[in-house]
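Next come two complexes, and both contain chain A; in the first it sits with chain B, in the second with chain C.
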Partner chain A sequence: METLMSILVGLLFSIGTYLILSKTLLRIVLGASIISHGVNLLILTMGGLKKGGLPLLGGNNLSYTDALPQALILTAIVINFAVTALFLVLCYRTYQVVGTDDSEQLRGNEDE
Partner chain B sequence: MNWLPIMILIPFIFAIFVPLIYKLLTPRIHTGWFVLFVPLTLFIYLLRYIPAIAKGKTIHNTVPWIPSAGINYTTYLDGLGLIFGLLITGVGALVILYSIYYMSKHREALHNFYVYLLLFMGAMLGLVFSDNILVLYVFWELTSISSFLLIAYWSQRKKSRQGALKSMLITIFGGLAMLAGFIMLSMMTNTYSIREMITQVDIMTANSLFLPAMILILIGAFTKSAQFPFSTWLPDAMEAPTPISAYLHSATMVKAGIYLVARFTPVFGGSSEWFWIVSGVGMITLLYGSVNAVKQTDLKALLAYSTISQLGLIMSLLGLGSAAMYFGHGDESTMYAVAVLAAIFHLINHSTFKGSLFMVVGIIDHETGTRDIRKLGGLMHLMPISFTLTIIGSFSMAGLPPFNGFLSKELFFTGVLQAAHLNVFNMETFGMLFPVIAWVASVFTFIYCMILVFKTFTGKYQPKRLEKEAHEAPIGMLIPPIILASLVIAIFFFPNVVSKYLLQPAVVAILPDFAQNGGAHVQISAWHGWNTELFMTIGVVALGVFMFIFLKKWIRIYGIFPQALTLDHLYNQGIEKIESISYRLTNRYMTGSIRDYLVYIFTFMILMLGGAIWLLNGISFDSSNDAPINMYEGGLVAGMVIAACTVLFSKSRMTSLIAVGALGYLVSMLFVIFRAPDLALTQLVVETVTTALFLLCFYHLPELSKNIGRMRFKATNLIVSIGVGMVVTIMALSANGTRLFEPISSYFEDSYELAGAKNIVNAILVDFRGFDTMLEISVLCIAGLGVYTLIKLRLTGRDKE
Partner chain C sequence: MNNVVLLPIIIPLLTGMIMIIFRKNIRFQRAFSIFAILATGAVSVFLMAQIRAKGIQTLQLGGWQAPFGISMVADMFSALLLLTTSVVSFCCLLFAFRSIGKEREASYFYPMVLFLITGVNGSFLTGDLFNLYVCFEVMLISSYVLITLGGTKKQLRESIKYVLTNIVSSFLFLVAIAYLYAMTGTLNLAHLSVRIAEAGQDGLMTTVAILFLIVFSMKAALFLFFWLPGSYSAPPTAIAALFAGLLTKVGIYALFRMFTLVFYHEPQITHLIIGVLGALTMLLGAIGAIAYWDIKKILTYNVMVGVGFIMAGLASFTPVAMTGSIYYLIHDMIIKALIFLIGGTMIHLTGTSKLKEISGLIGTHPYLGWLFFIAALSLSGIPPLSGFLGKVYITQGTFETGYYWLGAIGLITSLMVLFSIMKIFMNGFWGETYLSEEMEKGTTKGLMFPIGLLTVATIVLGVGAEGIIEYVNLATESLMNPKLYIEAVFRGNVTP
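For the complex of A and B:
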C-alpha cells in the first residue's frame, strides 16, 4: 500500500506542478491545492498505514494508528484552507482590477 | 606618558569643531586659521623625536581596541614613520596656509573642506604610525574615503564627480586586495603586528600563502601610489581644488603605497618575485608617466603624470634596494642599500618640489583663470616670484644642480647602475635594461620640466585669451611655496644633515638586518667626481635641450598612438562593458514571468534533492512492511488519478473545479480507510467550503468566459513536473524503506492518563501540541482579515471608473 501511495503522491505532485507552471491564475491555485493533497497523503503514508485501530481510546484495540501525523495533517488542512481562500480572493480581485487572469499579462512594466 | 596615539586622533577630534567655528566666525575670519594650528602643533611635536630616532630608538605604545581579537591600536614610531609624519604635518600646515588664500571664505563651503582635510590628515598619520595591520587598513580606507570627498569637493561639476568615482573604485579595489593579503599574512604568522611578523620571516617564506599575500598587498600599494596600470585615476583626480592636489596627490596619499612597500620590505624583500615586481612596475610607471607628461596641455595634468613618473622612480628604487635583503650583511648589501636611501631621499625631495610646483600652478590658475599651456606665456615679468619658484621646482624635478632633485637623481642612477651588475634574480640577462629605461625616462622628465617653465613664463603674453589680468599673487599664497622651494635648495647644500637625522633611521627601518651592520654611512655629496652618473646627467641635459628645441617637430608622434589603447579608454570600456553585460545577463534570466521563476525553483529542487539522493546512495526500496492493498483502496486510488487527470485536460473552468472537489472527497475517503476519522471530517468540510468558494468566485466574474481552453503543451513544463513527481516518489519510497527509530506515538497513547482525553488526535491538538493549534487559528484569522480587506478596501480608486 505504501508503495502505491508513494506513486500516487508523486503523480499528484507532477500534475500539481504542471498546473502551477501554466498561465491561468485559476489553474495555479488548483495546482497548489492538488499539491497540498499530495503533501497530506505523503505525511500520512510516512507515518505507516493501517498498523492498528482508530486513534480513539476506550475501544478494545490493542494497538493504534499513529496519531501524530494525523494531528499534523489536521493543522495543515486548516492552514491550507486559509491560504487557498486568500489566494482565491486575490485572484478575484486581480481580475476585477486588472481585467485578466493570465499571469504572462500580469508582468510588470519594462523599466522595473 | 607617550602621547602619540592621542596626537594622531587630534585631527579627527578637531574636525568635529570645524563646522561650529565656521558657523560662528564666517565671514569675519577664515576658518583655515584655526585649522592651521593642528598640523603645526603636530609637526613641532614630531620634530622633538628626531634626535631620539636618529640614535636608533623606536617608540611604541598600545591602546587596546578589540583585545579579544588581538586588534589593538598600536602606534609605532621609527625612522620611516617619522619621515612620513613630518611630511604629512609639515606639508599639511603649508597647504592649509595656502588654502586660506586660495579658497574664498565668501563663496566656498569651507567647513566641508577643512573637515575632509583634517579627516584625511588624521587617517594618513594613523596609517604611517600603525603597527597593527588591521588598524592600518582602517586608516588606509579612511584616506580613500576622505580623498574621494575632497576630489568631489566641487560636486556640482560632472568631471569632479567622475574623477572622484574613478579614484574611489580603483583605490578601494586595491584596498580590498590588500586586506586579503593582510589576512593571509596574519594566517601565516598568527599575529597582526608588523614588528612581530618581521621576526617570523623564515616561517613565512616557506608558506604557500607567501606569494599570494605579497601580490595582493602589492596591488594595494600600486593602486594607491598610481603605479602602472592603476595610474589612470591620478590625472582625473586633478579636478580637486589645487591645495588638495598639492597635498594628497603629490605629497602624501600617493606615497601611502610607497610607505606600504617600504614597510613590508623586511617581510617580503630578498625574494626575487618582490624584486622584479616592485622594480619592474616602478620602471614601467617611470617611463609611462614621463612620456605621457610631455604631451599634456593642462599644467595640472602634466604635474599629475610627472607625479606618476616620480612615484615609479621611488618604487623601482625600493625594489632594487630589496636586493640588499638577499645578501644580508656585508659590503654587497651596503651597495644595494644605497637604492633604499635614494628612494627615501627622493621621496622627501619630491614632496618639497612637487608641493611647491602644484601651489605655483594653483597661483597661475588663480591669477590668470586658466591652466592651459597653449593660452599661457610671457608671465615672467608679470609674476617674477612665481617664475623663480617654478624654476626651482622644475629644475629640481629635472635633476639639475643646485637643487635637491640633482642629488637624488644621481643616487638613482647609482642604484640602477649597480642593479645592472647584480648577478642574482636573472639580472645578468635583463640588468642592462634598468639604466637604459632610467636614462630615457630622465630625458623625458627633463623635457616636460622645461615645458612647464618656458611655455608658461616665456614667449608672448596673450592677455586676450586669459580670463583675468595676470598679476602676482598675494604674499600669503606665496609663502608656502617659498618655504618649500627654500627647502629644495637647503637640502642640496646640506644633504648630510637630512641623511643623518632622517634617511639613515629610515633605511634601518626598511632593512633591519642592516642595523646590526652599523647602518649605512653613505655620504651624499653634490660633487662626486667624473663618474658614469655625472656623464649620464650631462647626456640627459644635452639630449633634453635638443629635443625641447625641436619639440614642435616630433610632438606629432603622440598622435599616432591609438586612442583605443590608452588606459583611460580601457578603464571606461571596462566599466561600460561590465554594466552592459550585467544588465543583459539580468534581463536574460529576470524575465518578469512567474512561470520562469517557478521553473528555476523546481529545477533547482530536482537537482538538489535528486542529486543528493543519487550522490549519497540514498535510494533504497523496501516494501516488505507494506500494508496489503484491497479492492476499495485500489478503486479510490484509480479514482483520484482520473480526477487529477481531468483537471489537467479539461477545457472548462467548471469541470476542473468539480474534478478538484472530487479529488478532495476521494482523499477524505482514503482518510476513512486509513483510520483517521477527524481528518476525514475536516477534509470533507474544508473541501466543500473551498469548492463553494471557487464557485462563488466564478459566479461573480461573469465577464470571464467559462472556457479556458486546453492548456498549451510545453515540453519544459512536462519534464519539470515529471521530475518533481519522480523525486518526491523516490524520496517517499526511500524514506519508507529506512526506519531509523521507533515512533514516539506510544507516549500519546497514554492520553487518557496524561490529559484526560480519549481522542488521541484531539489531545495532541489542544493539549500536547496546543501551540500549533493556537498559531493555526491565528493563520485563519489573518487570512480572514486579508480576505475582508481585499474585498472592502479601495485605495487607488481605479475600479470606480
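For the complex of A and C:
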C-alpha cells in the first residue's frame, strides 16, 4: 500500500511541476494546488498506513494508528487553502492591472 | 515553565487582530502598533535577563510534556534576535508613519506588519519543527500581502514570482518534515536531536538534512537568491527595509538551529556545502552590487553578501566563528534596515533610483549624507563600528577550521561591498548639487529620526561590544552544546 501511495505522490508531484513550469498563471496556481495534495498524501504515507486501531484510551487495541500525521495534514490543508486563495486573487489582480496572464510577459523592464 | 516565553508572539498577534476592527482610525493604529512593538521589546529584554540568570527558558503548551506537546524554547540566541527584531521594526514603523501614505495605512498596513512580526518571533521561539513551518507561513502570508499592498504594476509582477518561489519552498519544507518524521518518529527539535544522536546520522539522514538546507537556503537567500533582487526592490521603502532586516534572517536562524542542534554529526558534508554556498553567495552578491547603477539593486545585492558571510561562520562550526556569526547577524539586521531606509530616503527626495541621475545631496542634506557614510563604514566592517568585530571572529573561525579560501573570499567581498556602497556615497552625495530644496520630490521631515536611531544602534553595538559580547557568548554556548537545549526542554524527564 505504501508503495502504491508513493507512486501516486510522485505522479501528483510531476503533474504539479509540469503545470508550474507552464506559462499561464492559472495553470501555475493549479499546479501549486496539486503539489499541495501530493505533499499531504506524502505526510500521511510517511506516518505509516493502516496500523492498529483508533488512538483512543480504554479501547481493546494494543497498537494504535499514529494520529499525528493527520493533525499535521489538517494544519497544512488549512494553510495551503489560504495561500492558494490569496495566490488566485493575486493572479486575477495582476491579470487586470498588467493585462496579461502570460508569465513570459511579466518579466518587465527597468524603464517604465 | 515560563509563560513569558509566549508573550512576544501573543502581543503582536492580539494587537494586530484588534487593529483590524479599527480600520479607519489610523492614529489609534499608529499608537497601538508602536505600543505593541515596545512591549515586545521590553519582554525580550526581560527574557534576556531571565535566561542570563536561570538558563534557557521553556514553555510546554497546554502542559503536555515535551515530546508530545509543542514546546516553546527561548535561549539567548532567540532572545537576542527578538530584541533586534523589535528595534528594527520600531524604526521601520516610525519611517512608515511619514512615508507609507494614507491609502496603504487604511488598507491594514499596521496589522499586517504586526502579523509579520508574530511569525518572525514565533519562528525564533518555537521548539517544534512543524510549528516552525506554521510560523514561517504566518510570516510569509503577511509578507505576500505587504509586498502587494498598493497594487502597482511592478509590485504585482514581482510578487507573483516571490509568492510562487515561497510556495514551492514551503512544499519542500513539508516534504522534508514528512521524511524526517518517518525516520525518527518525532518533530520536537530537542527530541530529534536525541534520536539522531542515538541512531547516528547516516547517508539517508544527511540527504534529508540537505533537503532542509535547500528549503532554508531559499528562504534565507543563501545561493538560491534569484527571487530576491526583484521582490525587494518592488515594495515601498519602509516595507523593503523591514523585509531586508527580518525575512532572510529568519531563514538564517532556522539554518543555525537545524545545523547546530539536529544535523551536527556530519560537518564535513553538510557544513562544507553550507560553506561553499556561502562563498558563492558572497561572490555573486558582491559582483551584482558592483555591477548595477541602481540604488535599490545595489542594496539588495548587499543583503546577499551579508547572508553568505554569516553562513561562513556556521560552516566553520567553531565557538569563535559562532560568536562572530551571531554578532554579525544582529549587526546585519540593523545595518540592512538602515541602508534600505537611507537609500529609500534618497529615492524619495530625488524621485529616481538611478545613481547617475542623482548628485550632490550632501549640499542640501548634510545629516543624511554623514549618516549614510557611518552606515557604509559599518557595513563594510571598519572599526570601531559594529561590522568589524563579527568579521574578525568569523574570519578567525574560518582560519581555525582550515577553510582559508572561505575567509579570503569573505575579506575580498568586504572590499567589494565597500566599493559598491562608496559608489552610492560618491555619486549620490558628492558632486554638483542638481536639486535645490524646492525642486525635491519629498522632504526628510520625520524620516531622519528612525535613521538616526538605527545609526545609534549600530554605533552602540560596535563601541559597546564589551557589554554585548557577554550575551553573545551565552548564545554561542547554547548553540554549541545541544545538551543544554535538550535538558532545558525535557527538564529531567525520561526521554521516550
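One rule holds in what follows: the second predicted complex is superposed on the first by the 99 of 112 C-alpha atoms of A that agree within 3 Å, B and C clash if a C-alpha of one lies under 4 Å from a C-alpha of the other, contacts with A are read in each partner's own complex, and residues count from 1 in each chain.
Rule of thumb we're sticking to: contacts are C-beta pairs under 8 Å (C-beta built on N, C-alpha and C of every residue); 3 or more make two chains touch, one makes a residue touch a chain.
All values derive from a computational prediction rather than experimental measurement.
Counted by residues of chain A touched, the larger count belongs to B, out of chain B and chain C. Touch criterion met: A:32 reaches chain C, while chain B stays clear of it. Contacts of A:43 after superposition on the shared chain: chain C is touched, whereas chain B is not. When the two complexes are superposed on chain A, the residues of chain A that touch both chain B and chain C are 20, 42, 45-48, 68, 75, 79, 82-83, 86, 90-91, 93, 97, 103, 106-108, 112. Those residues of chain A that touch chain C in the shared complex are 20, 25, 28, 32, 35-36, 39, 42-43, 45-48, 68-69, 72, 75-76, 79, 82-83, 86-87, 90-91, 93-94, 97-98, 103, 106-108, 110, 112.
Against chain A, the residues of chain B that register as touching in their complex are 591-595, 598-599, 602, 621, 623, 625-629, 633-634, 637, 640-641, 644-645, 647-648, 653, 656-657, 660, 663-664, 667, 670-671, 673-679, 682-683, 686, 689-690, 693-694, 697, 700-701, 704, 708, 711-712, 714, 717-718, 720-722, 724-726, 728-729, 732-733, 735-736, 743-745, 748-749, 751-752, 758-761, 764-765, 769, 772-773, 776, 779-780, 782-784, 786-787, 790-791, 798-799. Chain A meets chain B in the complex at residues 1-24, 26-27, 30, 33-34, 37-38, 40-42, 44-58, 64-68, 70-71, 73-75, 77-86, 88-93, 95-97, 101, 103-104, 106-108, 112. Every residue of chain C that touches chain A in the complex is listed here, in rising order: 130, 133-134, 137, 141, 144-145, 148, 151, 153-154, 156-161, 163-164, 167-168, 170-171, 174-175, 177-179, 181-182, 187, 294.
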